[in-house]
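Some notes on the structure that comes next.
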Amino acid sequence: MTGTAPLLSTRELTRHFGGVVALAGLDLEVRRGELLGLIGPNGSGKTTFFNVLTGIFPPTEGDILFAGASIARSTPQAVYRAGITRTFQRSRLCLELSIFDNLAIGAHGRLEHGFVFNVFRRKALGRQADEIAAAGADLLEVFDPPLARRLHEPMAGVAMIDRRRVEICRALMSRPRLLLLDEPSAGMTADETTRLMDDLLEVRRRFGELTIVLIEHAMSVIQRVTDRCVVLNYGRKLCEGTFAEVSSDPEVRRAYLGLR
Amino acid sequence: MDLLAQYVMNGVMLGLMYALVALGFTLFFGVLDVVQFAHGDVLTAGAFAGLAAYAVAFHAGVHSAVPQLLAVVLAATLSMAVLGAVLGRTLVLPLKSAPPLNVLLATLMGGTVLRECIRLFYPGGSQPQRFPALLPSASWSLGRFTLRLDNVLMILAGVALVAGLSLLLRRTRLGLQIRAVAQDEETARSMGIDFRLVVLVTFAIGSGLAAFAGVMHGLYYNEVNFSSGLLLGVIGFSAAVLGGLGSLGGAVLGGFLFAGLQTLGAVALPFASAYKDVFAFAVVILLMTWRPTGLIGEQLGERV
Amino acid sequence: MTAYRPALRVLSALALGAVIGILIYGLLAAESEKAVGLVLLAVALTVAAGLRTGVLPRLARAAGSGPLLGSVALAGVVLIAVFHDDPFVLLLVARALLVLVACLGLHVQFADAGVPNFAGAAFFGVGGYTAAVLGAGEIPHLLVLLASGAMAAAVGSLLLLPLLRTRGHYAALITIAFGLLFRTFLEVNEGLGGPQGLKLPGLRILGFAFNDDRQLLGLEVSGFAFYCLAAGVLALGAVWLVRRVERSWLGVSLDAVRLDETAAACFGISLGRWKIAALTLGNAIVGVAGGLSAMMVGFIAPNNFTFQESLVLVSILLLGGLGNLAGLAAAALIVVWVPEKLQPIQEFRYLLFSVLVVLVLVLRPGGLVRRRARQAFGSAAA
Amino acid sequence: MPRNVAVLRVVLALLLVSLPASAKETVKLAFIGPLTGGNSAIGLGGRNSADLAVKIHNADPKAKYQYDLVVLDDECKPDTGVQVATKAGADRSIIAGVTHYCSVVAVATVDTFHRLGLPTIVWGAVLPDITYGHSYKEIHRVNGTMINQNETAAKLMLKQGFRRWVVIHDTTDYGKGHDKYFTQFVTPGGGKILGDFGVTADQQDFTAELTQAKALNPEVIFFGGLTPIGVRIRAQMDKLGINAQFQGTSGIVNDDFIKALGPLAEGVVAFREGAPAEKLPGGKFFLEKYAEQKYPNPPEAYGPFAYAAAKLLMDTIDKVGPDRKKVISALAQVKNVDSITGPITFDDHGQNTVAAITAYVVQDGKWVVWEDSEYASGKRKLKGR
């Protein structure tokens, strides 16, 4: 079922902030169904890459092709509709809302937003709410079964690690084709990180074709879960390949791993 | 030509006062990301403080203009600097973590308290008060244009004040600290800067500026009254926002721009002069639509 | 959540309704300075004690929102009956209800979508002027009220583009500027009565004239009693509508826009669409309230739609605790009544009122009642 | 328990207060006017004057009833006005009202007073419609309308030889009304209105308008509005070197105008309804008594009218008893009743028809009746004469 064409490819992708060059002509491919690790030192342009990809900042130059169509300069909303969702480096859940609400935000594209439907057809609305709740509970179940039973509790009372899980579930609620994870393990212990990655692999198994790009600092994680890695430095691709290939590259070792 | 010169002169005086008010708004926003809306009423209070000082000086037997003027300016700016710091301490800092619009409302209401106090407790405060002419009143007429020495002196003083403020912010240790706080509270703290103190000093400076504008207002119009602060506050705020909150140059630009719009609306447009505020505010809305963060972007504060 | 038995729910609702009714009765009936002070003290003590001991929240939870709303409505009807021949008290009640409705409109904008509106009085005025212009003709008054709302929304659409492009204080300035501009425009322009304002006919629905006093069950009933009922119906309708909107995908989307625009955009939520929806709905609600209010008062003039009046509306929103409907209702009652009850101190009342608002904002920055998480909907939630 | 003692004390205090203060029956009168906001100075002056009338009346042993003044603030806003009017009208113990300074409020409340049957006397609002816009028997007015005022003003100024006016008026009903009626009376007599500027009531800077006015080279600047703006315009005229005569309306006839302007006020002309209080025996008495009470604010231009209205109501109630209907029919009969503002006669709209208009000019820091002034005798000259 997978063709040879990559799911996502960028050409000469460039982004300036004033005088600072965050992305400098990045050429990158993400293949269908793979889990690609994106690594590089701080300030190498990883998060900017996500931000440009999801339309938060338009690229200064270059193009992005997703499933054959250009999404460079699309709005974030259009990128979402094309099938890309993400998590954020600093968790951006709505803490005032319940877990359910946050998941529903993730499922925005599937929901009925008509005024009449929402205000007057409460039975149908209730059914849709139940569907979303069930789908959300299913997802949470994979990560942490007790969490699935706390669906209607406010987010603010949820522990940090569970917030990470909810945030990933929110991104998954829309059944994306490409999932962008920005350091999901930040602030977690090694054990928690391992569990989270296992859960992620489990979700991927269940979902069938889900392509993931993962920004991560913990090399053990990258080593364990990624199919392939891309190393960024100064907004450019330094090299790519399996973790073993990448980690033995002398340039990478010099620039990033700090090894001689 | 002479008429045009007169309009420009009027507009410059007006713009200078607006700019002084706007500077306060922009300073406060710079250091604390809040809008202190009692600012216009601080201006009125400053003018009344100056008036009271004049009365005291007069009764104490000081009858020459220079010491009187000195007493008026000092009393107004110093008392309002203290009041500004007190307002910052009681109304603004405690609400730092509350939603920003709470501060806006709290200070608006604080300003109302100030205004009502002047109206009710200053002798005869509910009617306009005469403000003495303390500047030399020589004037030259060129056709329909009247150049007055007192206006020239006020403009010079105002320009000197703005230049002084700019120097203070750029060249002194205090200025450095204010700018550091405006950049980022956390970083400033880690540099060993007393955050609260700097904020309060900034409030004192801004309010002193407003008091100076109040005295200028009094000297220019020879009249002060309890309610003039509300509209001046709104206009000063508009000017600061129009220029770009947090930008000193923006505040000055915004002040003169607003004065220009009002003059233009009253004089040059084909409808009744009473529409001049409608015109000025409508243009403000259009300009904000065109440049949503002000003409000169934010530079003192605002983190993304 | 615990499921309560129906009987318990009804009882709790009635108890709470009775408490609220008695407190409001006290406020309305108090005349002298001392009585006003005592009643205010009693209200404060009751509410404080009720919240401290948890009795009030527990009753509210036990009752559930539907029965509670019903019982408050019942208390309202009883109060109207009690004061049936006192036009002043009835006028106050109706005014408070209409102010509440206007605040509900601002609530949708401010508390749901996060768009500030400091021109509430202007949109209230648009509704009122629409009613003045259309109400004099042959158009049925129910349609006139709808037109008031539509007109307010239409005038508000002038501000959509500026408000979509700006945020925070910049957006606040745009509404402030509009409020000032609107009032000056009305005053200068002769077309709509100028500074002298316009007279309005009273509300008339299906031949029933609300202005007339009449005999009912042998009682002399003031015309304002009917306005009270109309305002009450409008208020209940607005509360119902706002709650339904909040407890639906609409509310979820509005919350997402308010809380994190970037995240919302990344999940396909169009910021513009939702802000437009909130602004339009909110202004429409404010406009309908303005229309009914103008018909009740029988007269409108630019003086009523000043920046200060807009501030009063925003004060109510923040005093009640942004986002909390119960707090909003309480604040609307208090803000309409307190200045009126302060009449005995004459020229000092605005001073005292401002001091009170400042105190509440400083001492309780979250408002009188804290915001509650939006309640879930759907059968799984119940 | 100390708490019980405190409660007991409160109860006792309440009981004491509710005891009747004297043997006479107490009758309530309402006073309504702007006590807060931009027009509060005049409102407070009116309030004090009405209060003075009540105090004097109550001190009179021959008076039949004890009067109690219920003071209400209309904020100069129609909806607040209707609210307090309803309060006064609904309170059956209030027999009559001395109501409103702001025309826009007075117009808004006539229906309310009619519906609730409360007899009222307007003490300061000058819009003709307040009495002539309907045929309600409840509404009366002691002061004249702005029609009378401007007729006199136009005649006098034309007689002085002035022909070229620039009009500046505030955009409230008061200013706009004066603009309309003055223009209407001055043009047939050969006067020319060269320019007409509306300004908003909270405006501070008038240099743009005045610079335009200066270019038109008028003989007189006619100002329709109240003291605060009047002071600013007169002062700014001087700043811009405009050497025209300044002519105002009743809104500036008060001491504050002179105090705020100092020497600049000299020679300013203005007109007001009613006979000059200083010249009537009752008026002198009023001013003396007012000074005795040490009110924090002066009576302002309309204080004497509030006093006259309150006194007229109390005298009427003393005669016919505290019954609203009887008071209304008694007021309809008022003819040539002496008051500190001159004789009062109500026409069938309740309008005082003999409302005399007095012209004033500022001379040596005082408002002087025109006929007595050195300007009328020719010793001093108005600007440009």
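To keep things simple, chains are lettered A, B, C and D as they appear, and every chain counts its residues starting from 1.
Following the convention adopted for this analysis, contacts are C-beta pairs under 8 Å (C-beta built on N, C-alpha and C of every residue); 3 or more make two chains touch, one makes a residue touch a chain.
None of these values were measured; they are calculated from a predicted model.
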Separation of subunit C from subunit A in steps, with touching chains one step apart: 1
Chain whose mean Cα position lies farthest from subunit D: A
Approximate Å spacing (C-alpha centroids) for the pair subunit C, subunit D: 36
Subunit A-subunit D separation of Cα centroids, rounded to whole Å: 73
Multi-chain contact residues (two or more partners), subunit C: 184, 187-188, 347, 350
Multi-partner residues of subunit A (each touching 2 or more other chains): none
For subunit B, residues contacting two or more additional chains: 116, 230, 272, 274, 277
Listing of all chain pairs that touch each other, if any do: A-C, B-C, B-D, C-D
Subunit D to subunit B touching residues, read off their complex: 36, 38, 40-41, 44, 171, 197-200, 202-205, 207-209, 211-212, 214-215, 227-228, 231-232, 235-236, 239-241, 254, 256, 259-262, 264, 297
Residue ranges of subunit D touching subunit C (in the complex, touch as defined): 10, 13-14, 17, 35-36, 40, 44, 47, 71-73, 76-79, 82-84, 86-87, 89-91, 103-104, 107-108, 111-112, 115-116, 127, 171-173, 175-176, 198, 200
Contact footprint of subunit A on subunit C as seen in their complex: 241, 244-245, 248-250, 252-253, 255-256, 259-260, 262-270, 371, 373-374, 376-381
Contact footprint of subunit D on subunit B as seen in their complex: 3, 6-7, 10, 13-14, 116, 119, 124, 126-130, 139, 141, 144, 146, 148, 217, 220-223, 225, 227-228, 230-232, 262-263, 266-267, 272-274, 276-277
Residues of subunit B defined as touching subunit C within the complex: 29, 35, 90-91, 94-95, 97-102, 104-106, 108-110, 112-113, 116-117, 120, 230, 234, 237-238, 241, 245, 272, 274-275, 277-278, 281-282, 284-286, 288-289, 292-294
